[in-house]
Every structure is written in structure tokens, then in C-alpha cells.
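After this come two complexes, each holding chain A, first together with chain B and then together with chain C.
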Partner chain A sequence: MTGLAPPAVRVRPPTTPAGGRGGSLAWMALPALAVFVAFGLIPLFGVLALSFTEWDGIGDIHPAGLDSWRAVLTDPGLPHALWVTFLVMALSWAFQTPASLLIGVFLAGRQRYREILAVLYFIPLLLSSAALAITYKALLDPNFGIGPGLGIPLLAQDWLGSANLALGVVVFVVSWQFIPFHALIYQGGVRQIPVALYEAAQIDGAGRLRQFFSITLPQLKYTVITSSTLMVVGSLTFFDLIFVLTEGGPGDATRVLALDMYKRGFQANLMGPASAIAVILVLVGLALALLLRRLGGRDASASQMEGM
Partner chain B sequence: MANSSMSGLSMSRRGFLNLAAGAGAGMALAACGSSGPGQGSGGGGEASYWFLTAPPAEQIRTNTVNRFNKANPDTQIKHTAFENDAYKTKIRTALGAGQAPTIIWGWGGGGLKSWVEAGQVDDLTDWFAQNAAVKDRLFPASFGAATVNGKIYAMPCETVEPIVLFYDKRAFDKIGAQPPQSWGDIMDLVPKFNAKNIAPFSLAGQSRWTNMMWLEFLFDRIGGPEVFQAVFDGQKDAWSHPAALDALTKMQELVRANGFVKGFSSVVADANADQALLTTGRAAMMLHGTWTYGSMAEEGGDFVSGGHIGYMNFPPVDGGKGDPSNTVGNPAQYLSISAKATAEQKETAKKFFSTAVLDDTEVGEWLDTGGVPIVKGSESKIASSKEPEFLEFVYQTASNAKVFAQSWDQALSPTAAEKLLDNISKLFQLSITPQQYVDNMNQVIGQ
Partner chain C sequence: MSTTLSPERGVDLDAPPEQGPGRGRGSWRHNWLGGLAGWLWLVVVVVPIYWIVVTSLKSRTIYYQENPFAPPTEPTLENYQSVIESDFARYFLNSVVVTLGAVLPAVLVSFMAAYAIVRGGAASRFLRGVNVLFLMGLAIPLQAVIIPVYLIIIRLHMYDSLLAIILPSIAFAVPLSVLVLANFIRDVPKELFESMRMDGATEWRTLWSLAFPLTRPALVTVSIYNGLTIWNGFLLPLILTQSPEQRTLPLALWTFQGEYGVNVPAVLASVVLATLPIVVLYALGRRQLLSGLTVGFGR
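Presenting the complex of A and B:
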């Protein structure tokens, strides 16, 4: 197709001497690099260094070798926190992906009523996590919340006081907050699918369902990967919402890694072990991001435009 | 920063402050300039003071600062209020960053000890020796939690706050029963209240220290104060005491019998939701600090003014060794001076301690809101206060106690306290057994 021609022209090898063009533009990355080093890398190494020390947050810092790591790795709290983090990640992914995919596909239509609905759907995105958590906490209060208020016994559960329900509530509220964002990504993805594909499918006699599974879904592959990466890596850092909603409770039922880190560091004043958890958090995040890139990147050269 | 631009002004800082006293923005600017550490003695005479929110105490604290500022236009104190649980983290972060306020509000005990060990607060022993009048007018018992290794690091202030059992007389009328005289009575009352759809006890379980108050009393009533004392002293396996296991088991029995309000694990004390459950008649009893009386009177409708509120010391446990007069709670609140403050700020703080803290007006305000100030002779003013009956009860409970123990989480180091609260919340959640609790806690003894 003619649409593909211009890039082919642009990728011809540079005529300038080697390094000339690339070198002259490298300085443009400096500001971003400086910010990344100052606020990303240096603190990261600081945390790594702290994890080999003993510090209560206000006194002197003493080197402590591997004490913090030993304490963290032998604590049964760590596998538990990892498991809870994984559960929140997996459940919120499983809940958010189909929901935001469907909403995104729905909103991709250009009808007027869909655009009005789109505005309404994005409202949760405008609210801060803390405000959301406080609101849900008030709504779900077993004594003064919406259930007892409206006299609906089904809603008057001990939502945040029983371990399984609390985890479910966390997943639900997280999803409620982020589905609009991912729906937005899918909406953009769907709108980029060439209409010609659907027209061809219609001529071949494919129904709407068939079109969705044979065209929309495969065409959205990279969108799914992008959105999943954001969900999975993002869920590692959920803190504010869970902290306000349950404080990791009841007991430690919703204590994810980030919360475990905060509790050790700032409530128990054990900065060493808290830093060790922070390092674990970084490693898990990097591993997941790499894994997801691999999943999607293997056949990155394969075109989605085959047959066009 | 404001301080760099300010130092260039030819006008003296004090002159500037006087001009700006009326304008909030000016105050904020000046405070910004004085909060940094390592500032030359030329600037930064204004002291800062952080304390807790929640009425009516917040208003009383604010009033005292305002009176001091009015009386001393040259030495101003700027105050900021924080919500309870957030404050504990905030103050520690500020101390670590060298940004602590001049005057640090606290609970004494283990938290104060950790500040002292890090060299963050000033030793006030000599100052108290020179100003004996300031020391001698306060309850001697209040200095215990202000003392670390024989030296005084904080000025006791505000009120003595034992933890007592509040109850709703209307709820007891409904089931035709009397307030409990023993642990056995408590267990008998539980099904009776539940049958009438009244929760036997209100509890803000998510706050965790609220659960801890129950264990403090059960440990004391069953085994006496020496059981926890052994933990505090760092004796090996101190939690394995048979009285401890008995108390933990009894605690879970009460939870299993639905002794606490439905969903207690998600109720938070900072929002006073636990008090609301009692004042609105949804719960019959509540074990809580006497500081809740003021807010229940203010926010609880006619619960206090209508005479529906009842109160008593925690009842004995049958066969227990502890003296039923014993109590736990806060022997006082505490004000420390940051070691990083300038000499001028420290002077202001000391002047505040000796002239403004617990002056007659403040004493009167505490009495009117149901608190017993830690000033000797305040008992004689109880009769003429707004809440004579309750104050008399608090005063008697505090002064007749054979042992007035400090709250566990305040007495222990922050590290041990966090572990304690964590395990207590799991115990109440029934996710660990009493034996597991004992094993977990034995591991952190002496930390």
C-alpha cells in the first residue's frame, strides 16, 4: 500500500560521517538522563547500601553486613507479602483486562451517546487514590456504611474486616480506579485498526462476534501487552490506596510488599530490612517488565499488517 | 527559601515578626525561615510546636499557645496539629531529617527513649533542678515515663488518662442486667446483648492499640503487673508465662463469642467510629481511654449530657492474681525540646514550659472537658468543674491504683511495639493461636 512507502524512504542509511548525526543529538537526552540519575539511580544505590546497614531512621547508621537480608529472607512475612502482592496483581489483571477491553471497544465507536458515556467512564481517573479509599471505606463500613444505611443485608458484610473479602475489595477498588485508564488505551488501539479489515470480513460473512475474536483481538496484541505491563508493574507499587483502605489488615491479609516495606521502615524503624525489601521490589518489578517485553517482543518484526 | 532572602533585610527579624503577626501568610513565611537546623543564632527566635488533632484537646493546646504568644510578643511559638497515627511517623521522619519542631509532643516511654539514644532531644534534668517550682507542682508519678537512664528528657503535661470501661446504661436496662463485676459476668452478658441485637463491646480493631488495651488488663488481672514487666525488662521467653497464655486464650474466647461489634477489624479509632457505636446505642460497652469522654460529650448527642454514660474500672478475673485497683493508660503527655533547635528557640520553649503549660486557664479547660490535669491540687477544683462525677472517678482510679502501668506500645521501643501490635491484630483476627502469639513475641524480646 502507498501508506507504507514514506518510512521506506526515510530509513536509508545516513550519508553523514559515522557518529556525526547520532552524536550531535545525544545532548538532547541529557536533561532526562540527569533527572533519572539524580532521582532514580542514586536513591536506588542508596537503598541498596542501606540494606547492608542497621539504622533506626534518626540515629547513626551502622554497617551490619547481611543481617538485614538474613532477617528479611527468613521472616515468614516475606513469602506472605509476595503472595499477597502476586494475588493482587493477578486478580486485578484478570478483572481489569476483559473489562477495559470491552469498554474500550465499545467506546471506540463514534456514536454521540458513546462519547457522552466515555466522559462519564473517565471520572474515576480524576479522583485521587486516598480520596477513593476514604470513600469506599465509609461506604463499606459494616455499621454506618451503605449496607446498613439502605437496609440491604447483602451489602452489610464485614468487607474490610474479613481476610478474603478485604483482598477482594482491594482488587475491586484498584480495578474501579484503573479500568477507565486502560479502556482509554484500548479505545486508541481499536481506532487504529484499519476499517478495511472489517469490510473484508463482512464480505466474507463474518458476524460481529467472529470479527471481534478474529480481527479486533489479534490486532490489539501489542495494546494488550502495553496495558498488561502497566497493570502488572503498577500493581507492585500499590500503596496509598491499600494503606488508607485497610492498612494491610485485617491482620496481614492485604499487606503487599510495598506496605510491608513501609511498616518495617517507618513504623518499626528498621530501615535496613525495609531497604532490603525495597531492593526485592525493584528486582521483581524489573523481572516482570522484562518478561512481559519478551512475551510481546519475540516476533516484534512480524507485521500485523499482513495481507494489507 | 525565605530565610536567605530575609537575612538581607535591614529590619530585625523581631520587627518583621511583629508586623506580620496579624497576617497568616507572614507567619508561614517566618516559620519557613526558622525551621531549618544549623541556623545562626541571629535568626530563628520563633519556636515551633507540633501536637495532635482531635477535639477538644486540640483547641486547648492551641489556646495555650495563643495565650503564650499574646503575652510574649518577642518570643513566638508556631504550632501545627497532626492526626494521631500519622504523627508518629511524621515526627520520626522529621527528627531523622533534622527538621523537627522545637517542642515535640509525645507519649514518653519507649518512643522517648529512642529519641534520647539518637541524641535528638535535650536533657532537662538540670533545668528542672533549677526550676524546682515547675517540677514540684506536677504529679510525681508523671515523671516516670519522662525519665531515661535516670535523667529527665521531657516535661509532663496535660492530663492523666487511665483506660476505663465505659458503658451505656440504656443498654443494660434493655436486658435487665448490671454492669459486669468479673470476667465471668462479661462472658455471661455477651449472649444477652447479642440476643437483643446490641453489640456487647465496641472496638476500633484496625487501630490495633485499641485491641492491646484489652490484653493489658487481662494480663494484669490474671497474672499481675509483673507478667508484662518481665517482657519489658527483656527476660528470655517472658511471654511464655502461664498467665499470658491464659489471658490470650480468654481474649480469643471473647472474640469467638462475638463479644465485639460486627466488623470491628475495619473500625478506626481516629475517626471516633468506636465511640459513635457506643453513643448511638449499637454497642453496650467500650474499653477506652478517659480522653474519649470529652469527644463523646461533644459529638455523642445526649449520651453524656443525658446521663446515659456509665464508667468503671476493668473488673477482676476470677482467680486472678492482679490487684483490681491496678490500671493502665497514659500517666501524662510529654513535651521534649529538640536538640537541633537554636539556643533562642530552646529558651522560648523553656519559657513556654514554665509560664504557659498547665497554667490556671489550661487546667480549667482540661477539667471542663473531663480530663484530670497532672497538676497537684487540681482535685480540689473537681467539685466546681462541669463534670465533677466523672473527674472524681478518673482521679480516684488514677490515684488509688496500686500500679499505674504505661500503655505497652508506648513503653516498648517502636520496633518491639510494631511487632506487638501486628501480632495482637492477628490474635484478634483469630489467624494465630495464643501459642503462636507467644512464640512470635518471644523472638523480639529485648529489641
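Presenting the complex of A and C:
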């Protein structure tokens, strides 16, 4: 569902003193290790290996040197797919972050009706991307959707038929599904902020907006980074939704990297180039995760102490 | 504040009186911007869901004549009937088999691995390595490795079977499950493990009679989270199966849409039917699920 990035997760070092008993325990980890290696780790190296081969998905696999890479890197489809991926990533980040921040701050209040709202907000996250995509496809249909039904021409546009609109719809549907999740992360972050900070600010006569920008936002710095990392890295893996909603279209307006890989591999039967795209996907994801981690890595305690 | 913004009066009555320095409460009193966003988002979320449910209860002819948001004048279950008649039960059963068949073993092996990592990690370099491997595993996107997974499944002669979906699903559930479960097992007081050891219990016995009951909330959380992910999974069934007999629900929804085309009410009835089990699960285990989804984040 959500792309889970390594920097988001806290790791505590093993602390239990189990002097010399590791051996008798090691076998317990083996079943999990075996299935993970077979279907996670080996495929990760496998995809790199396959990018240097030629395979149509059915017949034999032949070594092909750098052919796939040469084909992929000289194809104007790649920069386009990268650009679309970046657009989806940037736009959905820019829309989701302020919205989930606001909603998260709102949800941090402990009133009971807000808890009920939180229950409702969460429903979109339960729907599969396929269900979500076909719902919006039906909802936005220019002939049978709500636009003509309500008789509002503005809503009766060919939403998925124009390049810019289709991209907008993808960003909206993604946000519709994931804003509640990020709002929940922000809610947790806001509830960790010491109330004393606000009390002090009130005594100093700071208004609400001032309090938000001088206390809430700086205190949430790490929450913002965690949430952004999940959004950005997760956005690389929007496949199901876009596949069902637009199939990358109109033309190739919403052909993101993951979809590009699928189409090359499983529709055009060019597994070599598709594997090269997959390798690029992994590298882009890692680079982004590391970049965001670096952004937030320094002065871990500084902002927490601000104003104390 | 939100009293003025709230469209529904009844809900506000549930709000406790806003006074006293309750943690976080007093400070949010005049947050009208957040309140606006909150209520606005409620509308954005509820309207499409309302539309899905209402439309699925309308007959096809009425749908094209009426205001799409009007409640059905003559509610009908004919859409549900036609969806169920299109082999829905089989797809449903396939999804149940895949979900249970993946979640139970995934949680079981993850629990054992988590226990081993927590209890033996200090003494065993191997287990520390396994831990690091799983952490790195969190970063592997399923899409990126789908081609080799496809190749492996073909070579194992498992293509177009439910097992083909189950095995990779387990593999991709393991890293996060181990992480969450290990964090919970670490919170079990060490004295309890010690006293088990004094009594001469083996690690295997300690695992089941001490760690298992104490970790039950985390096990439920992890099961629900994995169940949700696998129930809604689309990519693995799309790539690894082919025949209608092996179709799971998300894939079936997609083909329904192709078959029914413009029969919007029937398409939406299939959405409702496919989502219903998850909604029931959500209603039963909401707290567990929410805490599970945010485990480790935003702390």
C-alpha cells in the first residue's frame, strides 16, 4: 500500500544479554529468512542481471551485454517517464503535505467528534487501488458520471482524456487515499509537543498563527521529514491506481516509471529493457530516501529544545 | 469554534466542554483553519463514498435519469445479484485463500524471527545480519523486482496458481512484520524471560507460552495490516495469474469494469462487495490497525 522507506523507521540496537544462546535461536529466523531471500533478495539481484540479457518473457534468456541499457537510455520515453514520475511526486507532495498538516493539527484535539471524523477519514485507505480507480473512472465519466448527471458542464469535462487533467486526477485520487494516513502521522507528532510551549507563548501574547509557525511547525520538523519520505518514495510505486485509471494515458501523459516498466516488459515483451527501468526505479528510490534522510539528519536535538 | 463551521449539529454535542488544561486540548480552541480543513475533508471523503453506496442500489435505467446524488427512490439489489452471478463467489474465495494463506504463515515466521533477533541478537552475528537484511528489505519496492519474481514462479512451475501469489506476498510482508514484532518483544520485561529460563523452559517453550500471549496485540495489528495489503494486492495477481479461475478480487473488479463497461451501478456494487470484508475488519480492529499503521512513525 504505502511505500515504506528505511529512514522512517527507528531501530533500537539489540539489548538483550543472551550469552551464548544465539545458536539455539538462529534456526527460528530461518523460515522467514528463506522466503525473504527467495522472493525478495534474489529478485533484487536478479533484476540487475536480467537488465544485461534479452528475454521475451516466455522463451530462453540470452545474454545481451549493454543492449538493453543502450536502448533504454537513448529512448526519449525514459526522460518523459522520469518527468511524469517527478510531476506526480512533486504535485502530490505539495497538495498532501499542507492538507495533512492542517488536518493532523485539527485531529490532535481530543474532542470526541474529532475521533469520529478520524474514523471516517480512514475509509479511503481501506479501498484497493483498483476499486478506487474504477470508482473515479465511473464518477468522472464525461457521459455517465456526475458531471452530466448534475448538469454541471464544469464537472462534465473529459477528465481522463486531456493530459493535464488526467495528471491532476491522478494526484487528487492519490491524495484522497493517503492524506488521512499522513494526517494521522501529524496528529501523533502534534500530540508530542509539550503543552508548556503553547502556554508560554500565550503568556507572551503570541497569536494562533504565530504559535503555529513558531512552535508547531518547527517542532514537527522530523514528522514532516518522515511523512515526506513516505510520500516521495511511495509515489514511485503508484502502479495499480494509474494502471487501472488511465493506463498511462492519454497518450503517455501519466506513464510513470513503474508503468513504463510494466508496458515494456509485459506488453511489449522486452524484459531486458524493463529490468533496466526497474533498476533505475530502485536507484531513484534509494537516492531520494538518502537525500531526505540527510535533510533531516543533522542537529537532531536542536529544534526540540527551541523555546524551552 | 467548530460549532459555527459544523454542518451537523448532532455531532458537536459529543464534544466535551473545552476547558481545563487537558493535554493538547486548550491550545487548539480557535484553530478555525484546521477546523475548516477538517470539515472540508470530511465532505471530500464522504461524498464519493455516499455516491458509491447510493448508486449501487439504483437500477441502471434510473441511474441515467436521476440526479446522481439523490437517494434511490426504488432501492434494488439487482446489481448485487448480477455481480454475484458473475462468479463473484469464486473470486471472493480466491482472495480469502490468498489472504489467509499468506498472512498466517507470514506472521508466524516473522514472529519466530523477531523473537530470535531480540533474544539472540546480542550473541549471534548471524541474527544481527538477518535483522539488517530485513531492514534493508523495507526499501525494496515490489514493482522493481516483479520481473525476476515472475521468472522464478515460472521456473517453479507455479504460474497461474494461488500459491504463486501467496509466496511473494509472504516475502514482502516479512520485513515490516519482523520490525514491529521485534519492537514489541523488546518491551517484554527481561525478568520474565529470566524466570522462564530459571524454570528450565526451552526457548521454544518461552516463545509460545510467554512471548506469544504478551505480544498478542502486536500480532493482531500486524495481521490486520498485512491482510489489508494482501487483500487489496493487484500487481502480483496481474502478473502471476492468467485464468479466471485464479482471479482475486482486485483483478476481478478490473475485469468487471471491462465487461460491464457503462453499467456504473453494477461496477459500483462490485466495489462495495469487494470492500465490505475490509470494512468489517476495520470496524472490529480499528484501534489495532491505526496504532499499527503508525508504529515507528511520528514518535
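A few comments on the model shown:
The definition used in the following text is that the second predicted complex is superposed on the first by the 263 of 308 C-alpha atoms of A that agree within 3 Å, B and C clash if a C-alpha of one lies under 4 Å from a C-alpha of the other, contacts with A are read in each partner's own complex, and residues count from 1 in each chain.
Here, a residue touches a chain if its C-beta (ideal position, glycine included) is under 8 Å from a C-beta of that chain, and two chains touch if they have at least 3 such contacts.
Model, not experiment: these values are computed from the prediction.
In the superposed model, A:Asp141 makes contact with both chain B and chain C.
Shared-chain residue A:Lys263: touches chain B; no touch with chain C.
Once the two complexes are laid over each other on the shared chain, residue contacts for A:Val47 go to chain C alone; chain B is not touched. Once the two complexes are laid over each other on the shared chain, residue contacts for A:Gly251 go to chain B alone; chain C is not touched. By the touch criterion defined above, A:Phe39 lies against chain C but remains apart from chain B after alignment on the C-alpha atoms of chain A. In the superposition on chain A, contact is made by A:Val195 with chain C only, not with chain B. For chain A, the partner touching the most residues, choosing from chain B and chain C, is C.
When both complexes are overlaid on chain A, the residue A:Gly168 reaches neither chain B nor chain C. By the touch criterion stated above, A:Gly285 is placed in contact with chain C alone, chain B being left untouched.
The contact surfaces that chain B and chain C form on chain A in the two complexes overlap at residues 57, 137, 141, 143-144, 266. The touching residues of chain C, counted against chain A in their complex, run 2, 6, 11-12, 14-16, 18, 21-28, 30-31, 33-35, 37-38, 41-42, 44-46, 48-49, 51-52, 64, 66-69, 109-110, 112-113, 115-124, 126-128, 130-131, 133-152, 167-168, 170-172, 174-176, 178-179, 183, 186, 190, 193, 203, 207, 228-229, 231-235, 239, 249-251, 253-254, 256-257, 262, 264, 267-268, 271, 274-275, 278-279, 282, 286, 290, 293-294, 296-299. Residue ranges on chain A touching chain C, taken from their complex, read 1, 3-6, 8-12, 14-29, 31-33, 35-36, 38-44, 46-47, 50, 57, 99, 102-103, 105-114, 116-117, 119-124, 126-131, 134-139, 141, 143-146, 149-150, 176, 179-181, 184-186, 188-193, 195, 198-199, 208, 211, 223, 226-227, 230, 233, 236-237, 239-240, 243-244, 258, 261-262, 265-266, 271, 274-275, 278-279, 281-282, 285-286, 289. Residue ranges of chain A in contact with chain B, taken from their complex: 56-60, 137, 140-144, 158-163, 166, 246-247, 249-253, 263-264, 266-270. Across the interface of their complex, chain A is touched by residues 88-89, 92-93, 95-96, 114-115, 117-120, 205-206, 261-267, 273, 276-277, 282, 414-415, 417-419, 422, 425-426, 429, 431 of chain B.
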